[in-house]
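These notes are about the structure you will find just below.
Order of writing sets the chain letters: A, B, C and D. Residues in each chain are counted from 1.
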Amino acid sequence: MIIKPVASISGELQDGVFLFPVRVYYEDTDAGGIVYYANYLKFAERTRTEFIRSLGVRQQDGLESEDKFAFVVRHCDIDYQVPAVLDDELVVSCRVTSIGGASVEIHQDIMRGDQILVSVDVKAVYVSLRTKRPTRIPKDMLAKIQAI
Amino acid sequence: MIIKPVASISGELQDGVFLFPVRVYYEDTDAGGIVYYANYLKFAERTRTEFIRSLGVRQQDGLESEDKFAFVVRHCDIDYQVPAVLDDELVVSCRVTSIGGASVEIHQDIMRGDQILVSVDVKAVYVSLRTKRPTRIPKDMLAKIQAI
Amino acid sequence: MIIKPVASISGELQDGVFLFPVRVYYEDTDAGGIVYYANYLKFAERTRTEFIRSLGVRQQDGLESEDKFAFVVRHCDIDYQVPAVLDDELVVSCRVTSIGGASVEIHQDIMRGDQILVSVDVKAVYVSLRTKRPTRIPKDMLAKIQAI
Amino acid sequence: MIIKPVASISGELQDGVFLFPVRVYYEDTDAGGIVYYANYLKFAERTRTEFIRSLGVRQQDGLESEDKFAFVVRHCDIDYQVPAVLDDELVVSCRVTSIGGASVEIHQDIMRGDQILVSVDVKAVYVSLRTKRPTRIPKDMLAKIQAI
């Protein structure tokens, strides 16, 4: 079967804030009829990944290098205001609020229309997965993040 | 914060086969460095949901009706040929191979480019979630599925 | 096939702190070779559920009542210190730090031996899933929690 | 905080069949009020892992060796008969039905009491995660599996 390319989603920048759409499926919900509380962190991580991808950085490159590198979350503060439900079409924001040599702080809102459902503040550290130790964020990645 | 609508994805029909793009994130992978074997079923279900949505049917309507209704999977046959990895941009197909009064059979391929990574054959039954018993698929939904 | 009962796990109280063992499986890990950051919240929720069960309360009763009730998390603060890996045998603690009429605050540590890997502070509210509004925690559940 | 060891679960052999208890938590359910269809594969995999562990084999050893090795699922046939719900105390069986040089076939039942809810037939292949190619199952692991 030869298929023509199917349009994918990549998110977009609006006034310096990266925005990414997320649809709620059965897998995201629980028996309470709402999105399971841990799954908002998946939506947040997808959006951070797409934000980094939009800068032209492939995370898989970090994993494939001899000494594997990746961003690892150190701290996470989640405020749940309104639950999302099945079929919701959400938009997740990603805004860098602070950046150091080996770490970055990010604020994210998970929204339905103009309503904020969940807010997430994340502190992530760039580490070597071999030594489990913080490492300097590569210069070109740092420059791209600072340019926004 | 007032945001402009962000383009979402809805999949598309090509030669009677519904196709939906799926990106692989960290949440989908495991310590083996590949997509965890159960998670392909999530990709398949998202695609079936988007297929039904493309017919103009909202599944949440079924859940909100007094006697809740939903498609429940009865049988699933999964053939794993090639593993997907982080950052992969997959396309998942959905083709109805047989339809009865209360059940439907669907073939799905999870593809990377023109290569089939995983094939899934699903038999789903339309049930009342209150009685847990099969129920006739609503006529308009049936007609829309048969029209393809 | 007739099987004899298989011993299940129920956790235990040690000095007023509830402790529950959690094993790390492939499903919990990601391509970075460590437990995916959202999945620690699953470990924490399992432990809170077993804590409530140890008080003789069945959460499913709340879901089956006419006006469904459940604890819903309002706020969550997660501190990631050391990552867990495949096959780890963890112990998760659960200690109520504050309790009001409709809400409860809980501190949880996810430990490997005597080392704390991840700490979670949770604020949960008892809500009606129909109205999505806070409701008084049933008196007998409140009394049981306060007794510890 | 110094904690005393907390009893973990390890499953048990009954008449040549390995049995492992699994509790259903919120994370496993969906908005239909039942266990999400992909999550039974997690229960099955946990049980296969505990079966292998009961033979004295540590899977993490395979991942930590220079040329990483792991069992990868090639085919899976799942029959869903009765759905599991929140708080269910399930028992999952694991019985090797066939074993070759690099592959193994396993039958698993997911049970509530004496009732089979879901049956899973799995074919797994032992592969090098570096070359993605099948490799001979180590002799001592093979001997231990055949001894049952």
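Criterion: a contact is a pair of C-beta atoms (placed from the backbone, for glycine too) under 8 Å apart; a residue touches a chain by one contact, two chains touch by 3 or more.
Please read these numbers as outputs of a predicted model, since none were measured by experiment.
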item	value
Option in A-C, B-D or B-C whose residue-number contact pairs overlap A-D by over half	B-C
Pair joined by the larger number of C-beta contacts - B-C, A-B	A-B
Most distant chain from subunit B by Cα centroid	C
Rounded Å distance between subunit A and subunit B, as computed from the means of their C-alpha atoms	24
Intercentroid distance (Cα basis), subunit C paired with subunit B, Å	31
Residues within subunit D bordering two or more other chains	26-27, 31-34, 38, 42, 45, 63, 85-86
Touching residues (chain side subunit D, partner subunit B) in the complex	31-34, 37-39, 41-42, 45, 63, 68, 70, 72-80, 82-83, 129, 132
Of all residues in subunit A, those that touch subunit D in their complex	26-27, 29-34, 36, 38, 85-86
Contact footprint of subunit A on subunit B as seen in their complex	1-4, 6-9, 11-12, 14, 17, 19-21, 23, 25-27, 33, 42, 45-46, 49, 53, 58-60, 63, 85-87, 89, 91, 93, 109, 111, 114, 116
